[in-house]
Every structure is written in structure tokens, then in C-alpha cells.
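The same chain A turns up in both complexes below, where it pairs with chain B and then with chain C.
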Partner chain A sequence: MGFFSSGFSGRGRSDNPDLPPGQYLTESFPVLSAGPTPRIATDDWEFTIATETGKVHRWNWAEFRALPAEDVTTDIHCVTSWSKLGTGWRGVSLDTLFSGVETSAEFTMAHSYGGYTTNVPLDDLLGGKAWVAFDFDGEALEPEHGGPARLLVPHLYFWKSAKWVRGIRMMQSDDPGFWEQNGYHLRGDPWLEQRYW
Partner chain B sequence: MMTADNVLDGNAAAGPLLEIFSVDLTAAHGRCDECGRVCALAETVLYNHAPGLVIRCVGCDAVLLRLVDNGTRAWLDLRGLSYLQIDRAQ
Partner chain C sequence: MSFSPAVVSAVRAETDNSRTLTLDVDGWPGHLAGQHVDIRLTAEDGYTAVRSYSIASSADSKALEVTVDKLVDGEVSPYLVDGADVGDRLEVRGPAGGWFVWPGTDDRPVQLIGGGSGIVPLMAMIRSHGDAGSTAPFRLLYSVRSPTSALYFAELMRRAVDDEHLRVDFAFTRETPPDWPTPPHRLTRDTLEESVYPPEDMAEFFICGSTPFVESVANWLVDAGHPPERIKTERFGGIGVSP
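Moving on to the complex of A and B:
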């Protein structure tokens, strides 16, 4: 601490209790992408949950949209250090999607149109903590942000919220996904700053 | 190949790759392990608005190279390349 004060007393990152360590606030919604944006018509869209026994649960778009949906207001935290507070989503809870799924596996791999993958422990998907989201800010989710539907797991870094999600595969072990194979943390809790291995 | 915004050509990977290698790898020719296309890394498609650098095949969009660098460690994944041909300086 220097002798002189700058005279400013604005809220920095350290005194905003909603910002995890090492994060800064953004009002925009940056688009991060590791590949070209898939354009998936809802007529062609499907979502699957595949269990360790080989059983596959399927929903087409109409079946998926007929499931009970929830409005979710949540903060999101990208591992590239931006955080956006109070974002508004609508989606189907993973608790709903898993309600008829029998599994003893503890880990999952989310798969996306375009080939992206990310691993998430099942405990992080259940208990009102994760959704398959189809609206953002009251509008249909744009392809650049993962539409027609993306995973939303806001208590983990946002790379876990797989855009263009097409399914979840149950795993007996916590195998790494696209970024987790190359330095990024297996779980990615922003409050523990679990960015890298 | 699908169109994409916010991409660069592989030339822009020269700096980050030079920090890992002592030669300019963007001049090296790589073979896509998916479709077999061979081209200079400089001619590939680079996605850098991402948690790391992702270089994809200009022909089939397959991932050729991933580079994550956290400042103290770097992770380089070359699985998508069946080879890299590096021409030695004469």
C-alpha cells in the first residue's frame, strides 16, 4: 500500500463478493469457440442420455420442449477471466432429464454437435445445478451462444456448459474432455480457481 | 467446410508456436489425420477466441493442433496431425 491514494473508491474485483478470484466483470457476452458454429435445425436436433449398460434415452425437439422448463437467473464465469452476473436463461433441468435414467456411474461426458466434449461429474449435473438451456434473455438461444440448446452448469467454469449439446454419456471414470485433455482442470470450480491441472 | 466468424489463418499462430519451438512451425507442412490433406500450418484455420489455440484443417475442419499455455506450463496436442514436415534451413 503506497502513501498516496488515487482518490478512487470504485468497486474493484476484490471487493465484489459475486466475483470469484481472478475474474473481472463484463457487461457483454463474449463468444468463445474452438471451431465453426454448427447450424442445427430443431427438426434435426436430438438429445440423448446413454448409460453404462448401453441404454439410450432420446428426446427430439418437440419431446424436449414438452418437458417442464424453468427460468434460471445466474452468474457465469469463463476461465478466460470474464464473469457476467445475473444472466437470464430458460431450460430443462438435468434432474428432469435424468428422472427416468437408471445408472450407477458417477461421471458423465457431454457431447456436442461439432465434436466438442467436456466431462462433468454426475453430482454437478443433479440437484438443481444444471440445465439444458434453450432461451437466453427471453429469446431463442443464438447459434453463436450454443443454440438451439446448450448445457448450463453455472457453478463451474463456463467451458463445462457445452454449446450445441447433443447428449450425455455416462462414464465409470472421470475421463477428460476436449480442454481437460490439454491442461484444463477436470472439475473447474471458479471459487477454488480450478483453471488448470 | 462450415463458415465461421472470429477466425484467423494459421499464420497468426507463429508467435505462440515460436515460444514453444525454435523454428517457425507455421512454415511446416502437416498432414490431417482425418482427411489426409497436406498444407502449411500457415494455411490452416486458427480459432483463438477460446481457452486455447485450436488449429483446424482447412479441408475438413478436423482439429489438427491444440495449444494451451497458462504462462508457466504449456500443453500441445498434435493428435490430429499424422506428420509435420519441417524443412531445415539450407
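Moving on to the complex of A and C:
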């Protein structure tokens, strides 16, 4: 390409086909949050899905944990360029949570304890692609990583996997969430490097 | 947003382990204090590596300066700290980030809390505050191992003297300057409360540092009655190890 940074040879050449463009591997699990970590007792926790008609589906912690759960092994990709491969989670599929929900809206906004929001098209939540996860590596999910439960949408950049998730609201249009209003891409596909808009 | 070519136009050692690079970017649009840039290095064989760095320069200066701390197992930071010379080329994407920023448009009190190299985006805010002649009450609490590992130590001391609207407190965790009034100490819940604005001052908080540092400080502030919505955090950590 004719352009190079003199004296830079690089270290981490990886032919790993699981690594999206512009990403590098990490073994650790960095934390990125916009503010303090909310502390939510499972006694106070609930998860809701609100449709465009105003109907609200609710689960408290016991009801949520009584739903069928799945073990998920997946790669995660943060927009700040780290990727972590083969991470182990346990959670409830969004297909399960949406099984009794009637909606014709195509977009969703995930809402979190602490006020965080992120927009995700419904298509990206259904079809075995997304979970509300409560275990990481066989242990209850730590608060700083989003416990008691976080959204897990691993095929999109990890800011879409909202920590401390408390509900999903259906939307007719793809309105931007928190980071999306602050310069990040509306959809965030790591394989297309959709980092910023 | 795409990458633009940049040339290293100046380098300045900050500590044994870090330095500041001035980057000339064609058509640089300017930035807000607190924003970051992505820097892309390209090896001769076309291999590329990208990392994000906080901007250190004042929003008023229109210049792009980043201060880089060398990570022991880093890939990009050792090149930027030890390798890059004036005239070397790299690429820059940005500025990015619209949340952890001080826009400088009001006079509300601002409390900055930095741990280690987490001072960098806060320094951009302090410089912008000073250069703009802002009268917003600014206060910095900087937790760092020792005077020799503190970034911008002399400039912070000078700005604290020159600017009546800026107060700077250090928490040296291992070693203090000679004749320092307090012995080395780690920040605790109590020493934190003594060194920051109380909740009734309605200050806006910016905290930047490693994850354990930010996690502890933010939790203590919330426990002390500071509303979470006035606390903005930025964390680095987990990626590489600072010596």
C-alpha cells in the first residue's frame, strides 16, 4: 500500500479466521461502562418486554430462572478493538422470552438499570442469536460485567449486549440508544466494522 | 468516520514509561476535552494494529496530542513510546466519544478523579478549562504511585497556582515528593470524601483509571450520596499490564 509506520513490525499477526477486521485477541475480560455499576438485588429485579400496543410482559427473578436456559459458547467483540474467543455463558434465549409476545414492530430498545439503552433490530434478537445471560464461566455474572443479568447479542459489537438489562421496548423505527447517540453505529456488525457512524 | 494520514511532529517524554506525541493530521476538525482517537499502525508487509488513546491537548489548542503509557505486553504502545520518531507516519481516526467530555459550556463545578494514566483525558479538560479562562470550579484528585510516575506533575502544580478556579489534590500511593504534607496512602472511602466536592455542591464527576480504581471510587461516591447520573466513568484495564 506504500504507506507504513517506519520501524513498526507488529507482534500479534493472527490468521485466526474468527477475528473480525481491526480486532485483536485478549485473554482478559475488560470492563467498559459509562457510569457507576448499579447494584440490583435479585429480589428487586424484573425483566419486561413492552410492545407497541402497550402490553407489558413481566418476569421476576424466580419466574425468569424457571424458564429453560441454554449454555452458550461464543466469541465476543468490543468496539474498542478487543475480542475474546470461546466465552462461556448461560442464559435464556430471547426466542423463549418472545414466544408469547405479539408484535409487528421491527425494532427494539433494550433498557438497563442505571439508565443505559441500546437499540437492536428484532431480527438480531431472534433465531437463536441472543440471550439474557446470568452466568459467565460457570459463575453468577459479576455486577461489573452486568449481573444479575445482561443481554448477550454476540454477533454484534459488545455494547449492544446491555449490562444490567431490565427490559425491551418494541419500536416502529430504529431510534438510537445511548452510545448510538454518542457517535457509535446504529447496528454495530463487527464483520462489517460498523464502529462509528 | 475513516482513517486519515498523520505525521508525528513532536515527541516529549512525560515519565520513564510514557510520552506525548503531537500528531499533524490534514483537516483535523478539532476535538472536545475528554475525547479519544484511534491510532492505526501499518507494518511494511501491510499488517495493521489499532488502539484507542485519549487526547491530552486542550480543545482550544486545535492541536492533537496523545499521551501514551507503555504496556508491558502491549503491541502498539511500545512503538509509540520507544519507537516512533518525528516524521514517522501513522493513521488517525477521530475524534470519537460524545459522553466522557467536558464541553466547557457552563460553570457547574467539575470534579475530576484520575488513577495513574487515567489522568490523560482529565488533563485535556484542565487545559481546556485554563485556556478558555473558564470560571467553572474545577477540582482534580490524582491517585498515582510516586512523583516520578505522575504525568504532568510540574504543569499541574503550576496550573493549580496560576488558576484560582482549579484545585489539585494528589494521593501518592507509594512515595511522595520531599516534605510532602501527607505520607503515602491509598485512597479510601474516607480520604476520598475529604478530597472531593460534597454532594450539595452538585458537581459533575469524571473518573478515569483502571477498572478496580474506577469501580471502587464510583461505588464510594454513590454510597456517599452523589447521584449516579452525575458520575461519568471511563475505564481502561485488562488489556496489557502497566509495570
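Simple rule for what comes next: the second predicted complex is superposed on the first by the 183 of 197 C-alpha atoms of A that agree within 3 Å, B and C clash if a C-alpha of one lies under 4 Å from a C-alpha of the other, contacts with A are read in each partner's own complex, and residues count from 1 in each chain.
In this section, a contact is a pair of C-beta atoms (placed from the backbone, for glycine too) under 8 Å apart; a residue touches a chain by one contact, two chains touch by 3 or more.
Every value quoted in this text rests on a predicted model; they were computed, and no experiment measured them.
Visitor: By the touch definition at the top of the document, which applies to A:82: first (chain B), second (chain C), both, or neither?
Guide: second
Visitor: With both complexes overlaid on chain A, does A:66 touch chain B (first), chain C (second), both or neither?
Guide: neither
Visitor: With both complexes superposed on chain A, which partner does A:159 reach: first (chain B), second (chain C), both or neither?
Guide: The answer is first: A:159 touches chain B but not chain C.
Visitor: May I ask you to name which of chain B and chain C touches more residues of chain A?
Guide: Comparing chain B with chain C, the partner touching more chain A residues is C.
Visitor: Once the shared chain is lined up, is A:24 touching chain B (first), chain C (second), both, or neither of them?
Guide: second
Visitor: Would you mind listing the overlap between the chain B footprint and the chain C footprint on chain A?
Guide: After superposing on chain A, chain A residues 30-38, 80, 115, 144, 179, 181-183, 195-196 contact both chain B and chain C.
Visitor: Which of the residues in chain B come into contact with chain A in the complex?
Guide: 1-6, 47, 49-52, 54, 56, 61, 63, 66-68, 70, 73-77
Visitor: Which of the residues in chain A end up touching chain C in this complex?
Guide: Of all residues in chain A, those touching chain C are 1, 3-13, 22, 24, 26, 28-38, 80-82, 114-115, 144, 178-179, 181-183, 195-197.
Visitor: Per the contact definition, I'd like the list of chain A residues that touch chain B in the complex.
Guide: Chain A reaches chain B through residues 30-39, 79-80, 115, 144, 159, 179, 181-184, 195-196.
Visitor: Would you pull the chain C residues touching chain A in the complex into a rising list?
Guide: Listed in rising order, the residues of chain C that touch chain A are 1, 5, 38, 41-44, 46-52, 75, 79, 83-85, 88-91, 93, 96-100, 211, 215, 218-219, 221-222, 228-229, 231-233, 235-239.
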